[in-house]
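Note that the chains take the letters A, B, C, D and E in the order they are written out, and that residue 1 is the start of every chain.
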């Protein structure tokens, strides 16, 4: 598995000198020493309410939140991303997981036709730092910006301030950036996705999670992603996993995003946790095999099918 | 009566080490050492103005606020939940009651057709901590979120910050979560109630008070409640008592919510305080007999009818 | 004159121990040792602009603000309520008056048809505490809430926080609560007035000023007031004096509010200051004779007519 | 020239004891030892953009901002009122001027038909106190309130808080109060102007700048002003100079405002700075001759015409 | 090359004495010792998203953000202006560049027809000061105001406060001021541009970046600019470079802005970075030759064409 050394970690200039070691340690933990990010997204209980966790096509195991943490423990992930309270209720029993605290969230009850989206910051960073101080293995924070929303300014400002504070304290930052709102005609327009990537850089994020671009001109999505990964510069770009598809399709997309598109990882939620514990665990390993160890799709599929094992 | 030990209290990871003992003590006080919650809701003087306290079918004793505290003293409750000011005016004379300070409230004068609901935070936590410091027996706080309101974001943010602060200081948190607003078509839709339960968990609440789900497909409410209690995970779920019904109906519902639905208690207001002091006191005992001591409905009814006594 | 002792003053539990003596002293000063409140309301220069102070039927003495302070000095009042700045400009020359600082105010220029009412907090409590520290005889604060306004939430929150701070520092709090706004059909509906009284209690006010209820069913106003004074519990209720009427009508209403309705005082402005200094002074004495010394209406009228004197 | 002594300066009760000497010194500086105020208003570069400084009928000297400071140095003024930044850029070269920092300002681009006026506070008082600490001769602050605007509440609150802070630190406060907004039918209605004057007093201002009233019933403006100067009580009232008129008209109006209307000074901008340096300097002297030394109109005109000199 | 000495630097009075040396050093660095400003604007990745960096007519080098920093290093600029996060990610590898941190930014997704523009402050000044403390060569900050927007008040207030804080800490301030919004009919109207210049002065900025005026009456733009440079007084005025044009046109405009219009520099972005590295570097040198060393257009063109070299 390709590994980077402590010296190869590029530390942003807004990480205060006294937090430099902490930042490097967090970066190596989150990327499992590879510089690549496998993010297990577990923030949907607010974002999508219970619809992602219970119903047709979803394993009943997913109805209980502990499922997420069991996957986190038994599978192979870089970070488990969830809201502060969720982590606070389970972290003591799952201390080995790297946690990324999602700082904002909204439900999907109010439709876009009624109001543009705003996802409010739910707690200040001090609350997160206190949890770290109290022993929770928090390596970073996350924040979602709906670019082009009428509330873009509030989210940009909350994110901007949080990034400064998080870096100063040695925490990583992942931005979720989704163009959305009345003014946004095509949320997955490649130029817009590239724009989102550039915004993440200007705000100083370490990683940005975007939706895979959907070109209208026949370009392959992974090809179109190249522009975005150039635009994001030193901010690593990862794509959202989206709704559940079959494993081969999913792993192939991921492989192309990394090897063609220049992505440095992935951010996957529903595709993982809507499966039974065993299957979900194997999927995290297959994803990580591609993301962190440059496996081929075929080899990763073998991991998913239980024909090969993968661990770090 | 089933009892839990100090070691069995699961302390969230955002309770600071120096507040750990305080949290455990508050948890055991609020749940009367059982892990179950009997919450006597006394916040309606703002929420419903005087309509819940005076008029046809309401005992005249309820016209005076001291009635609430007499019930709290003579009856059997886990906590008495009311606004900070209400508690401040009476607590010195009723020191034995466990108080849960309701942090926000709104009146019902502005109708939903005019504006979506927002219930503002009425004081910061420091004001509550100061009262505790001054000797008032405050064991926790409460906050109401109207999920799906256009003001959801403000309430989510206020709740998110308060929970972090309350836990850090060893206080319990109960969230009241009601889906409500122009975007909410069916406030008691089981999936929505389960969603509300999950939101409470992600925010880190210890308990969440929701309305009992009303399935449209013939499922029994208590059966439908199961999905919600799974979704809430380590956050204990209790149902709101709603408007006054006869005792047998009420106690049967409660029994089913706990034994079929997986609820860990109840949150009852009007059903209790709209009765004469003696009847109200007996009802708190009957409710607690089911909630805290696993009585059958028949035995609890006997307590309500004064044929059996119940105390802790 | 009925007097209460220091021990009979009921101190709310949010008065910090170190401010307890201060609170008791302020309570006794404001109520002239009786537990009853005679509040001279002098906040109309913002609320009603100059219309209450100059024009037909108003003594020319009222055109100059010093008139208010002369009445305060020569008459018999519990507290003179006015905005911070007004008090700051005159207090050094009228040190014997008990001041109640009105914390919010609005003008009446924007009509209700254009916007619902919001009366903004004009300064923080620190500014009031500093004045007290500098020697001004401030015994409490006041705040107006327009219940049912679309801005109810902001006023509830400002009041809620101020009450906590004021009590913590030993100051009394009087809330003015008026139901008003597009959603309010009948501002003086008895049930609504009773609701307002209950809100004041839940916020923790020491006194609440409401408009006298106007029953539509033929009940006498003072009779209707009983429900409100029950609802307000330990928060003393006083009625607003309203626009100027003849002294006998005024004093009879007041007598009934106290002896039938259960009010514990009065809050009067225009009825007093729109008269000449001499007449205004005599009216404060007549009002105080009823409020503080349980005079009959006839005896109080004799005081007003200069046939009897009244002092404390 | 009539002079007042230090003992005759009436110090508001919200001036902290340790700032009392500072307040008295500032009061005497601003009023040139007379208790009267000659305010040179230089805040129009934001309020009216460049239209007041360049164009037909305006001396070309006014195109450069240094013109304002030259007038301030060579002429006779009580204070020069301008925004913090303007003063910061020139004060080191014009140390002898008394500066009044205008705390809020807006442009006139958005018309009243589009939105009601709001003039935002542009910096906190600490920024002003720091400048004073660093040696700038700041004697007070100013703030504009648009009474009757839908944003009245925000401006009232900003002003209310600033006055408390400014007085606590020994600075004078001048309020500009203009009724304006959709709800205001006649901005110069005498009753409204009197109302504005009373508002300034209740907020605790030392001086209030209002527009001269325009009675519709044939009353002379200066006569109508009397009601306002009574209403403002201990807050000194001065009238805005308005757009440029000939010197005799201007000086006559000023004389009448003071000697008939009870004004204690004037606040003049465009009438002064739109002239050549020499003429502007002479006009400040003529104005100050009336304001500070009770000159007749004829004598003041002689000063303006260079036939007499006037200095302090 | 004309140079100014430390003593010739005019230090605003709001620079605290302990920060005076820092301010002078920053001023000399930013102006390369000349008092003139060559600002390389690199904030478009948020303002214009990826459209300014990728597409027809744009060199592919510009697709990667590192391009901006390579130009900054190899070319001749006064300051490189970009958002805090962008600078934080690259500054450690480009320590020789003078950085100006852009404090606010918005995307251009929401069109003016949907909402007036507001560009939110993205972080507080402390975050910038911390970066300086940690060794980043930050010499100043920038902020954009959309004058005439319905959100003008918020931007004016954020800018006003930031300028006070920045100066107090020895940092320069550049304001970008663009009249824009429903109320603005002609964004480049000379009188409006002059107004913007005056606003910058009143807020206390050191430099203001405006669009070159577009007179409708046939006046040459540089001639029309004179009024604006008079209006800005001690605040140096520079014009925005706008969209990419050929070098000769660009340099001629710049020459005229300085030598006819009274501008003290330039602020150029797209015109520079949309070219290949080599060409972009030569353009920065040509621009600086005019701005900092009073080269003729012909000589500057020779620099751009590589026929002459220019360095400091």
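By definition in this document, contacts are C-beta pairs under 8 Å (C-beta built on N, C-alpha and C of every residue); 3 or more make two chains touch, one makes a residue touch a chain.
These numbers come from a predicted model, not from an experiment.
J.: Which chains contact both chain A and chain D?
T.: E
J.: What's the rotation, in steps of 5°, that superposes chain C's Cα atoms on chain D?
T.: So the copies are related by a turn of 70 degrees.
J.: So, what's the distance in Å between the C-alpha centres of chain E and chain B?
T.: 58
J.: Find the geometric centre of each of chain A and chain B from their Cα atoms only, then give the gap between the two centres in Å, rounded to an integer.
T.: Spacing between the chain centres: roughly 36 Å.
J.: Do you know which chain E residues sit against two or more other chains?
T.: none
J.: Testing understanding: with touching defined as stated, what is the shape of the graph linking the protein chains, line, ring, star, complete or other?
T.: Contact map by chain: ring.
J.: For the complex, which residues does chain E have touching chain D?
T.: Residues 10-17, 147-148, 150, 152-154, 156-157, 159-161, 163-165, 167-168, 179, 181-184, 191-192, 194-199, 201-205, 227-228, 230-231, 233-235 of chain E touch chain D in their complex.
J.: Spell out the residues on chain D that touch chain E in their complex, using ranges where they run on.
T.: 43, 45-46, 49-51, 53-54, 63-66, 82-92, 105-107, 109-111, 114-115, 118-124, 127, 130-131, 133-136
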